[in-house]
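Attaching a single structure in structure tokens format; questions to follow.
For clarity, chains are labelled A, B, C and D in written order, and residue numbers in each chain start from 1.
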Amino acid sequence: MAVNKDQLEEIESLRSEISQTSRVTAPELESILYKPIEVLDHGFIRVIDYMGDDTSIVQSARVSYGKGTKQISNDKGLIKYLMRHRHSTPFEMCEIKFHIKLPIFIARQWIRHRTANVNEYSARYSILDKEFYIPSPENLAAQSATNNQGRGDALTTEEASNVIDILRRDAEQTYSNYETLLNENSSGETIDDNKAGIARELARMNLTLNTYTQWYWKIDLNNLLHFLALRADGHAQYEIRVYADAMLDIVRKWVPLTYAAFEDYRVGGTEVSAKEINLIKKLIKGEKVSFEEEGLSKREWAELQRKFDIK
Amino acid sequence: MAVNKDQLEEIESLRSEISQTSRVTAPELESILYKPIEVLDHGFIRVIDYMGDDTSIVQSARVSYGKGTKQISNDKGLIKYLMRHRHSTPFEMCEIKFHIKLPIFIARQWIRHRTANVNEYSARYSILDKEFYIPSPENLAAQSATNNQGRGDALTTEEASNVIDILRRDAEQTYSNYETLLNENSSGETIDDNKAGIARELARMNLTLNTYTQWYWKIDLNNLLHFLALRADGHAQYEIRVYADAMLDIVRKWVPLTYAAFEDYRVGGTEVSAKEINLIKKLIKGEKVSFEEEGLSKREWAELQRKFDIK
Amino acid sequence: MAVNKDQLEEIESLRSEISQTSRVTAPELESILYKPIEVLDHGFIRVIDYMGDDTSIVQSARVSYGKGTKQISNDKGLIKYLMRHRHSTPFEMCEIKFHIKLPIFIARQWIRHRTANVNEYSARYSILDKEFYIPSPENLAAQSATNNQGRGDALTTEEASNVIDILRRDAEQTYSNYETLLNENSSGETIDDNKAGIARELARMNLTLNTYTQWYWKIDLNNLLHFLALRADGHAQYEIRVYADAMLDIVRKWVPLTYAAFEDYRVGGTEVSAKEINLIKKLIKGEKVSFEEEGLSKREWAELQRKFDIK
Amino acid sequence: MAVNKDQLEEIESLRSEISQTSRVTAPELESILYKPIEVLDHGFIRVIDYMGDDTSIVQSARVSYGKGTKQISNDKGLIKYLMRHRHSTPFEMCEIKFHIKLPIFIARQWIRHRTANVNEYSARYSILDKEFYIPSPENLAAQSATNNQGRGDALTTEEASNVIDILRRDAEQTYSNYETLLNENSSGETIDDNKAGIARELARMNLTLNTYTQWYWKIDLNNLLHFLALRADGHAQYEIRVYADAMLDIVRKWVPLTYAAFEDYRVGGTEVSAKEINLIKKLIKGEKVSFEEEGLSKREWAELQRKFDIK
């Protein structure tokens, strides 16, 4: 269970405080505000606050005195135009803030996106909870033979079971020794009155990278879409992709017109190089092509064939 | 008049649309939302949207599940602590969006702060209004004799009047020629059917730097305070300082605890160097001091005397 | 002439100071270091400093102890791979610094790219030179009928000549009044001993937007390529495109492998949406297509036809 | 030993390739270029590349055609002035690139500074070395009783010895299981031909946070100084402070004038609030003061007493 009873009560208390505002609101997003969406075995993602909606993008693109336009169709067209031509600044005018609980090795990948505001739970200051990510058997896989940074075949049931045993045993042992080093258990009780224990900033180094951490993470819509384009992609590691997928659904609730344009132009779209354009032109004209003659590498050609169903 | 009747109606229409939200709200800020605050002769600043309040800073500093704390006194103490020790990331968790109308030469100074999101009214795309900043006589002053980038004595009434005449005449003439170049007046009517006019992206180059522009400007609270520390300072140019002063008042309405801490530690505070600390230590002990012996320059000494009332 | 005799001497003096370094060097770039490349009528761009070359990208992508690799072919392949998959951080490991002289209205467009370091010549502190951009007749054009932010047909000789007259006359008059307002001419001599003049920070507002300014501008290679993709594009305003073109040539001299990959994947390449991919698939298979049935707008279809030579 | 024989040879090979350049060079920095400076038990920091020196700061502050000035005394004065008044942009005109090896829990603290370019060694792609940080006994200490995020008293010899045993044992065991999970040892040899092993991106989660990682880290001088002001400070965790101290020494070699100004105004200097200024004024005048009456908290008063030797 990612969130305990006390925390759920705090969350419900926040949800029940309704205020009046003349700011724009996104009703579908309000309906899930503060609520934890479970991700992985102990993680979650929840929306804490947001600013703006689809009309805010239109409004700032036009530097207008009032709202976007009277007609939704115009807003939709403009948003598609902005997305298509990568006019990114109007999308920066919407902002969202999340509370996220995630394994440390995923947090390290996540933080490489520098264009966000972050406050992480401090293990110099506080004791981390006893929670580690243990993959479910179907998410365990061997190193990919073709992709140096991906997964290949699934493991056998027996090997998967052994892997899970190792991960669980090592995490539990290092956490137990973390308490010993602190001379304090996770409830804050001293273990041995005759010992000093070491500072939290030191003890934490004994934890494994699948220990959960949590942070507040705030980002504008443009940078969020950039993050999602990379992390909701099939090449992203499964353990970060599940967070990205949950966020994609949040984006759909928040700014549906932007979401639709993003799906068409970014998620489902692709880039083609100058050489690939030439090759496609010939294919369309029904001419014979040779990828070597067009200057494509074998790998580029394989990717292009897959993308455009080329025999 | 900075805002015309149609625009005021649009603004009132926005203000009258009240929604319910479970986000935190800042009631004092809601009371001025969308309303233009007049600055200079044709400029304004108005708050379009905001995210968070004082409790949001506490909430993210603690990475908490609910609100900051139950007691306001604790929130106040924590915010003071964060401000004092320049723990800046929690202040990044609040965000505000302005619509600002300002002279181009001030916009050029403003934009040097790069940590904001901006959408400016495009003079490639649209025709700029016929509005230029003309200083009032009391704000006209000679070049400072002591400060290479500041103002000194006020002008005589006669000289001020001549200055204003020149500024007005040149602005009007160049604007009139802007219309001629466009072959279109500011209402969008063609002037001479036998002429082509030149593209807007070209014609704009004939305008003077006191022409007004406008933009949407969105920034987090931490970077806003940094901007205000520089631009509400006595060394800032008068024409940007009046915008900063208006924003300071907005900050006070939005996050009163943060505002109070900012006033104490940043606006009213100062920095002292290692050498100056040594000198002050001696002064406190009642020892004789010589600024030269302490390694201060004449200028540093003069500044220090002024700051600490040293005879 | 963009650079005067004294300045040229300073530049030659810098060029003649040769030092030894064990840093990587880019010999082709060294050959033009500090030299002004003329752009527009009074502008220039010159490279002041740089860090890294193609091998630095490989080196940091691999986090290696030594240089990239022994074989150039491997470096080339890796750089192509990084460019193709938008792995942008290794390109951030190269840095370049320019000194640029450009008209103010172009500087305002330029500065919207926020990911660079800038020091601009201060008109609060100093007096601007009497230099304004006057377009040559062949670069004067009417507003485009189809593109709201572009140019259309060229002007007649007569109309072009009138336009140039207006621009020159207004620039000269406002500059002359700038001197009057300062009570100082551009050589720093007082004009009238009985007058005070106004502060520089005020007087500058009387100048027109085609007045030249200058700045130091430093940026990493990744952000520079992003800038060039937008500003060397056919949709960019001519007056900024000529600077981008000059920089493209500099990039070619500096990091030839990166330049080649950039040309193939970015400059000559394009993006296609999910709907466009479907349509292209059908075209390749020789099927009949209707852009409406595929969900493309008329405008998208026209663009796609142009890009892929579709009849 | 932080760097092995092969790596040292690569480094020496780089150092021996001397080129000619007309860029500015920093001879003292050249003398240590590429050389690893050892930090902690297996870490290091080495300078890979740099751009600019003290004169570059002056040059860009003046937007000059040549070098800063002819006289060093002028450069020194200007750099002090810029530092004192926090005119930060000229310091952004110098850039430096490091290769750093550091424990993961320190890398996580480090990366919170977002204004740098980073390429980290990828544990999705490669196998991490068997190297973990084990503190030496004198750096082990109990949690501070007064500072929630710091260290207090040193441990007894016996307790220190137990702590080190735990850290070493857990790190070795989890690393050994990391190899088992990969089914590959650190030399890349398969352990058991009948097993698949799991993907690297998964196996890494079993490692402890004191495992070493490495990255290329590039930053401009202004942001580096900001990092050093925080991380070379007494309140920073010892394990990051030793890296900051090594970098301070590098800064001294690179830009000695900037280093001196930084020491005086930032490292040795302090900030005082409006209330503290009032209190100091009274002390200087020899008046009696009461910190409560001046509105200081007990904690602020204690800090102020310490800073200014107040009895």
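To be clear about the criterion, a residue touches a chain if its C-beta (ideal position, glycine included) is under 8 Å from a C-beta of that chain, and two chains touch if they have at least 3 such contacts.
Keep in mind that what you see is a predicted model, and the values were worked out from it rather than measured.
Q: I want to compare two interfaces, B-C and B-D. Which one has more contacting C-beta pairs?
A: Between B-D and B-C, contacts are more numerous in B-C.
Q: Would the interface of chain A with chain C count as same or different, where same needs over half of all numbers used to appear in both copies?
A: Both copies touch with mostly the same residues.
Q: Compute the distance, rounded to whole Å, between the mean C-alpha positions of chain B and chain D.
A: Roughly 34 Å separates the two chain centres.
Q: Mind checking the centre-to-centre distance between chain B and chain C? Centres are C-alpha means, answer in whole Å.
A: 29
Q: Give me the residue numbers in chain B that touch at least two other chains, ranges are fine.
A: 89, 112, 118, 120
Q: Quick one: in the complex, what on chain B touches chain A?
A: Contact set of chain B toward chain A: 3, 7, 10-11, 13-25, 30, 33-34, 48-52, 56, 59-61, 63-67, 89-90, 92-93, 95, 97, 99, 117-121, 214-216, 218, 220.
Q: Given the complex with chain C, which residues does chain A contribute to the contact?
A: Residues 77, 80, 84, 89, 112, 263-265, 267-277, 280-281, 283-286, 297, 300, 307-310 of chain A touch chain C in their complex.
Q: Could you pull out which chain B residues touch chain C in their complex?
A: 103-105, 107-108, 111-112, 114-115, 118, 120, 122, 124-125, 133, 135, 140-144, 148-153, 155-156, 159, 163, 166-167, 170-171, 173-174, 177, 180-182, 195-202, 204-210, 237
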